[in-house]
Amino acid sequence: MKNNLYTVVLVAFVFLVVIPIIYTLGVALFVEDSFSDNMQLLMDKNTFLLLFKSIMLASIIALLSTLLGSILGFILYKTKVKFRSFFKIALLIPLFISPYILAVAWKDFFYFFFNNTSFISSYFGVILVLTTIYTPLSLLIVGSALSNINAQLEESGLVIVNLRRVILKIILPLLKPALLSSFVLIFIFSISEFSVPAFLGVKVFTTEIFTQFSAFYNHSLAILQSTLLILICILLLYSERKYIADAPFFSVGNKGTSNKLYHMRNQNRLSLLVLFTWFIISIFLPFLILFIQSFKNGTTQFIKAFELLMLTFSQSIGLAFIGAIIIVFVGFIAAYHSTRQNKTQKRKSFDWLLLIVFTIPSTIFGISLIKFYNQPKLDIIYSSYIILLIGYVGKYSFISAKLIGNAIKQIPNSLFEAAQIEGIPFFEQLRKILFPLIMPTLFVAFIISFVLNLGELGTSIMVYPPGTEIMPIKVYTIMANAPQALTSSMTLIVFSVTLLIITSFYFMIKPFIKKNNFVND
Amino acid sequence: MIKLSNITHLYGDKAVLQDLSLNIEANQLTCLLGSSGSGKTTILRLIAGLETPKSGIISIENRTVTQNKQILIPPHHRHIGFVFQDLALWPHLTVYENIAFGLKNRETTPKQSKKDHINKTVFDMLDFFGLQEYAEKYPHQLSGGQKQLVAISRSLVLKPKILLMDEPLANLDVKLKRKILQHIKNLSQSSIFGLDLSIVYVTHDHKEAFAIADKIVVLDKGEIEETGTVEEIKRSNNKFMKYFLEY
Amino acid sequence: MKKITIVLALFIVLIISSCSNNTNEVVVYTSVDQIFSEPILKGFEKETGIKVKAVYDTEETKSTGVLNRLIAEKENPQCDLFWSGDPVRTIVLKNKGITAPYQSAIAQDIDDAFKDADNHWTGFSARARVLIYNKNLLEKADVPLSIFDLTKEKYNGQIAIANPLFGTTTFHIAALFSTIGDEKAKQFLADLKKNNVVIATSNGDVKKRVIQGEIYCGLTDTDDAYEAMKESANIGIVFLDQQGIGSLIMPNTLNLIKNAPHTENGKILMDYLLSKETEAKLAKSCAQMPLHKNVETPENIPSLDHIIPMKIDYGKTSQKLEEIQDYLKIWTNDE
């Protein structure tokens, strides 16, 4: 029974998501006659130079973000700094905003205050913008790892040496898997990021792929180039997995162990200053600019922006909602079977499939979906919302599977064995033991998927059914020649709506999570 | 009661149990005594059906329950209770719910199983262990000893014929340990709740074993070193036992 | 269980609602900014009762959207009519065998220069490539009047063009190549580079930089230029080379898609878009110059009667464009 469900979901995923990619790749590699020409173009010295540049850039961003995320994480999760709970939430905000919009805000910011944008239109700019976006991700990963460290491990160190050495010799080594995960994940995100370098006029590998697409219409070469990118990402993730084996990737909530908080009297002000500065840089300044631009000429543009977007709300939110439910479901099935089962029965293949699809650039994924689904027999999929849902599920199930997998891993197996001995049927075990225990994580996975779906642009714009109104696409296409105030207003609205929905979801589910808040002694 | 014949069990390439045969008699408290890595917990899990051996046969009450890698009778049809080393109390359920969980949710429970009956069964059990006042508490609100008792109650409430206990008393202070051991001993000697209980008790602590066991099985590196009553074991001049007794 | 049922029901409703069997519809893909194209398509819907299903895109951010989508959908076209903001994309489609010919009676009085010889596409409302400059930074006397002035020393580092690999800028350069010949054009580009031309990400970016005063002046399209004048009083606009090779005029273009699902409705929409009324609306909303005679336009919109156009063949220029693209890529990349 339980394996049947797994098989059904796995097969569905393979057919709906993986086959289109393999099909497109196959066509690009073996069918199109320009293959040898493209191979030659691919093997060009410049391609590799650019790839090298991109790798360097992504490494710097990943390194910086991980460093900053660790510092912020330590302050927020390990010290009794003031306004802790506020910053814990507030500093995550950049994750919920489209990178493109932040890039626009930053460029305007530099113009507004320094009258010069050459500073930001450079590698430095890409690093700045992407680091502000991905630091919260690192904060999330490192923060949860920090709060999961058993206090006794630190305390047993503290009785012998001072705090500095405890941090260096105990906490840091324990954090290594989380730091590595943070680096790898951010590296992948940055190396596949297109909109920010494109907007800032910095040439990287993704913009090169893009050029093949939209200036030369050479799909095959673009697909070949993307495979290079995908290979790098997979290699990295593979080595990460080899190295840290099954150490938690990133997880939510603090289970079981009590978290040790330090009281650092001297550093308290400094900590607060760091948090505050980062808040100003990553959130306040970009928003200030958006706000100024939205309202400097009154509210007419804001109202217009609202009218334009109003039509998209219900469709977009509905789609993101359904997509998030499917993603959590798929993520759960994949995670359950790669973590929960006995060692001999572990199935990692689903996990790997999710990962591979995750690393594929959005545009290529979109093209794959078109090439595969655009045939009369599959019209029901291609000309309906299903195609968008397939896009969402393909792109984001990996993240949800990761989150849920780690939550499941933290539950001792004996809880299920005890139920098994009592003769509790499998689905009752899921319903009454597993689900209540991972509910907070399921909720977080749902929220993250929802937010990602709601902002998904790269794939959606390739495949959205004619005549439908999808929020990020509308923002993007309207943005083109619209006055600055309209663009900024739309950004503000999208952001507020997202925040509003998340908050209301939270309050809807809060009593349920609260009830099960049994682990925080 | 329980018979293990020629059991070999591997973890990876390493043999944990090597051609082991063992007979556990009914209505007794049998202690599996051994240091960590001796394979005692594995034996318990094999009896429970949580794991399968590479080869060998396990039978309970003359029914073959496991044959080589095959589970013939699933854990919940073996009439066993299992107290895990980490106790495995469901953290999101209250003490009452933990104990009642199996009564309410097991496959064999009729849909409309009388609520009053469940209620009474659970409270009888709580009464016996002096836990009434904690019924609505969550596991994390209990002390170590209370948790152990809840875990034991939970396994007993389904009226098993065999109770498997995996070092349930580790990390308890001596006084509490003695109290709980007395409870367990009482359990095995009387037939409370109409139980006719055989207990298999895994420990690395010989004092614990000497205090409660009817019979002791001494294990080392997956092999049986010695079997006998407390007195017999005490008198034995097995070198392994001597090492054991030295500290 | 209830929740699952509700979600399932929602799901089904959503799917059904998205594939309504409304055959009286037309599917249009457009690269014209949604803010301008949508009102016109809505007007068509209102007048004819034919439902318009549109896929919007934007040339501004050089999205890979509609054109790549049309190419990828070639085997099973979903789109009936493609409305392009410039002739380049249409001609790319024509060369890939994706377009279908149609001669609209409405377009009879439009100059043949703006139509495909084989009727695969028809132009209407046009934009021109112009220079915009910041009045605070450039005296009237210093404003360049010819594109070739841009290589002069006094504009060193103070001029911008959009990335020449994309959009109308590519076409502008291709037009230069076909007008003055490859050799001179390459020399011009080399000189431009020597003069430290700023390569902006898009025409909108050129506009923004000039408004913000980051540079003196830049090349962009008339719609951006008029938008710039609306946003700032300090923006001046020049039709270049009125004494020489003329300004590049770029019409919007329309083409039917081969084997489209609703070709007849596609034709109706194409006729509608080619009408004087549409041209009048576009003149008003985004300063496009009508190609029909006697279309009412706002006063500040120049008439094509008064502009010396660059004399080019759009088809041939598009071919030139494909030829020079590798060269342009190298030109853009070498810094």
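Odds and ends about this structure:
Read from first to last, the chains carry the letters A, B and C; within each, the first residue is number 1.
Operating definition for what follows: contacts are C-beta pairs under 8 Å (C-beta built on N, C-alpha and C of every residue); 3 or more make two chains touch, one makes a residue touch a chain.
All values reported here derive from a predicted model rather than from experimental measurement.
Judged by the touch criterion defined above, the protein chains link up one after another in an open path, with no loop closing it. Located most centrally within the structure is A, per distance between chain CA means and the overall CA mean. Distance from the chain A centre to the chain B centre is 46 Å, each centre being the mean of its Cα atoms.
Here the spacing of chain A and chain C, counted between their Cα centres, is 35 Å. Centroids of chain B and chain C (each the mean of its C-alpha atoms) stand 79 Å apart. Partner chain B is touched in their complex by these residues of chain A: 412, 414-415, 417-425, 428, 432-433, 436-437, 516, 518-519, 521.
Of all residues in chain A, only 46, 111, 115-118, 198-201, 203, 210-211, 213-217, 219, 318-319, 322, 325, 363, 367, 370-371, 374-376, 379-380, 382-386, 461-468, 473-474, 476-484 touch chain C in the complex they form.
By the touch criterion stated above, chain B contacts chain A in their complex at residues 48, 50, 74-77, 80-82, 84-88, 90-92, 101-102, 105-108, 138-140, 154-155, 158. Listed in rising order, the residues of chain C touching chain A in the complex are 7, 10-11, 14-15, 18-19, 25, 27-29, 33-36, 51-65, 67-69, 71-73, 75-76, 78-79, 92, 96, 163, 165-166, 170, 199-201, 204, 209, 212-214, 223-224, 227, 230-231, 286, 325, 329, 333.
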